[in-house]
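Presented sequentially are two complexes of subunit A, the first with subunit B as partner and the second with subunit C.
Our next item is the complex of A and B:
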């Protein structure tokens, strides 16, 4: 996902978040080949904004190679909670809600 | 001396002309012993090997050098012996059996010498010279066999050193008891293995046991910390057990945030992991 698309993605997500009354956000990165620092920061910004609105943000599906490259390049995802897959994400969000 | 040389040249000539005959004699010698040759290879395979050997042998002795098999004139023959010993190894022959194959060629040569040299002294000299040469070739075959085997064993040991066996402790819980010497290359491989295992087994907790690891340099420790962080991005929490004081101080010196729970023993690691997974081990009443 290139930079412009990332920005558009962020705007889309934040708009949707405002329009609907959601409690949790799951970002699926399983089809992403590279997460560079810009993408990482964008996701971090989405998470920060969402958390301020009381929404829990989960990232799923990061591939081994992508995860390793991100760590090597020092790309951080901010406040997101990373999990492996959709099942675990839904389970996590459910437990967070019941708090 | 001239007569002797003439004799040796005719032996070489004989071996070349009566190739089939020599190989047959050779085959009979081997059959006569209680040896496994024709259980492990076909007659055709034997014939081919024997013929190639005799042909190269004749070429080599055509140089009139009957002593030194390290000289270039023996290069082709020696290379062929290497191939023979490798192929025999694959068929399941022992190094002794392979060397014996070459040594029994002596008998075929001696048979000719016995038939065509009448003078006892000359016959003895002839038998000795060829005998000594063929023995050298047989020893070379033996050594080549052993060297090849050692190479294979070393390769297997190296491959094992690079492997990172994983234990599937419980659902969503995997463990890696690391062993041997960890350098950056092995650590890189471990990182890949671990992350792939997290995905394959849906691991939520990874136990990394370093009890058997005594040394780790700063670069390797750094890679380990990176691998743990990558695991976290994949949703798996890492628990380190068995960290030695030396490695601990290396990590501290690195000054990097070490985001993994560290515990002393593997057992404690498993207990903690089960807690994270909300599992309990109970004794049956």
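Our next item is the complex of A and C:
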């Protein structure tokens, strides 16, 4: 994904979040083969904006090599809850909602 | 030797894809391929944003490693030491680019003047430094 695509993605997600009444947002990163400082910041901005709107954000599908590179770089994703897969993410959001 | 012109956003994607492909051909594991592609992404973006575009050159080092050179003709980095520090950014970004790329690679050298910047990065295959 190039930088403009990442910015477009952020804008699209935040627009949809505003248009629809949702309480959870799951971002699947399984197709993303690198997260550099720009990509990390963009995902972090999506997550932090959503959290400010009262929406829980979960990231799934992060590849191990991508996670390792992010840690070495010092890139974080903001206020997201990382989980392994969609089932766990849905379960997590359900529990959060019922609290 | 592979050359990639960096003139627009998508060229950064092209540059990191080329670097990853060569790394894979050389026998780098997927974690190292990812480190290399990520470092290229950071430095190529710098060349695009701060240097107004540039060029990446890839070459293999005797089949034992990979060298990536990214040059631009921008105004240069006035304080390299400061630019290498985490958290420093001249454009209000994360400021993890240069320092992060250095951590991901085995070697990273910067030459910069008021007529441009040249970043040379190397990654060796495990055992690649041994003769």
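Just so it is clear, the second predicted complex is superposed on the first by the 99 of 99 C-alpha atoms of A that agree within 3 Å, B and C clash if a C-alpha of one lies under 4 Å from a C-alpha of the other, contacts with A are read in each partner's own complex, and residues count from 1 in each chain.
Criterion: contacts are C-beta pairs under 8 Å (C-beta built on N, C-alpha and C of every residue); 3 or more make two chains touch, one makes a residue touch a chain.
All of these numbers come straight from a predicted model, not from anything done at the bench.
Peer 1: For the combined arrangement obtained by superposing on subunit A, do subunit B and subunit C clash, or do they fit?
Peer 2: Fit: subunit B and subunit C sit side by side once superposed on subunit A.
Peer 1: Between the C-alpha centres of subunit B and subunit C, what angle is opened at the C-alpha centre of subunit A, expressed to the nearest 10°?
Peer 2: After fitting both complexes on chain A, the angle is 60 degrees.
Peer 1: On the A-aligned overlay, A:60 touches which partner chain: subunit B = first, subunit C = second, or both, or neither?
Peer 2: Touch partner of A:60: subunit B, not subunit C.
Peer 1: Figure out whether A:84 sits in contact with subunit B (first) or subunit C (second), or with both, or with neither.
Peer 2: A:84: touches subunit B, not subunit C.
Peer 1: Check the residue A:19 against both partner chains and state whether it touches subunit B (first), subunit C (second), both, or neither.
Peer 2: After superposition on chain A, A:19 lies in contact with neither partner.
Peer 1: Looking at the overlay, does A:68 come into contact with subunit B only (first), subunit C only (second), both, or neither?
Peer 2: both
Peer 1: Which of the two, subunit B or subunit C, is in touch with more residues of subunit A?
Peer 2: C
Peer 1: Upon superposition of the two complexes, what minimum C-alpha distance (Å) separates subunit B from subunit C?
Peer 2: Comparing every C-alpha of subunit B with every C-alpha of subunit C, the smallest gap is 8 Å.
Peer 1: Check subunit A for residues that touch subunit B in one structure and subunit C in the other, and list them.
Peer 2: On subunit A, the residues that contact subunit B in one structure and subunit C in the other are 63-64, 68, 72.
Peer 1: So in the complex, which bits of subunit A are touching subunit B?
Peer 2: For subunit A paired with subunit B, touching residues are 59-60, 62-64, 67-68, 70-72, 77, 82-85, 88.
Peer 1: Subunit A touches which residues of subunit C in the complex?
Peer 2: Its residues touching subunit A are 9-10, 12-13, 16, 20, 30-31, 33-35, 37-38, 41-42, 45, 86, 93-97, 99-100, 103-104.
Peer 1: Quick one: which bits of subunit B touch subunit A in the complex? Just the residue numbers, please.
Peer 2: 191-192, 195-196, 198-199, 202-204, 226-227, 229-236
Peer 1: Quick one: in the complex, what on subunit A touches subunit C?
Peer 2: 1-4, 33-38, 40-41, 63-66, 68-69, 72-75
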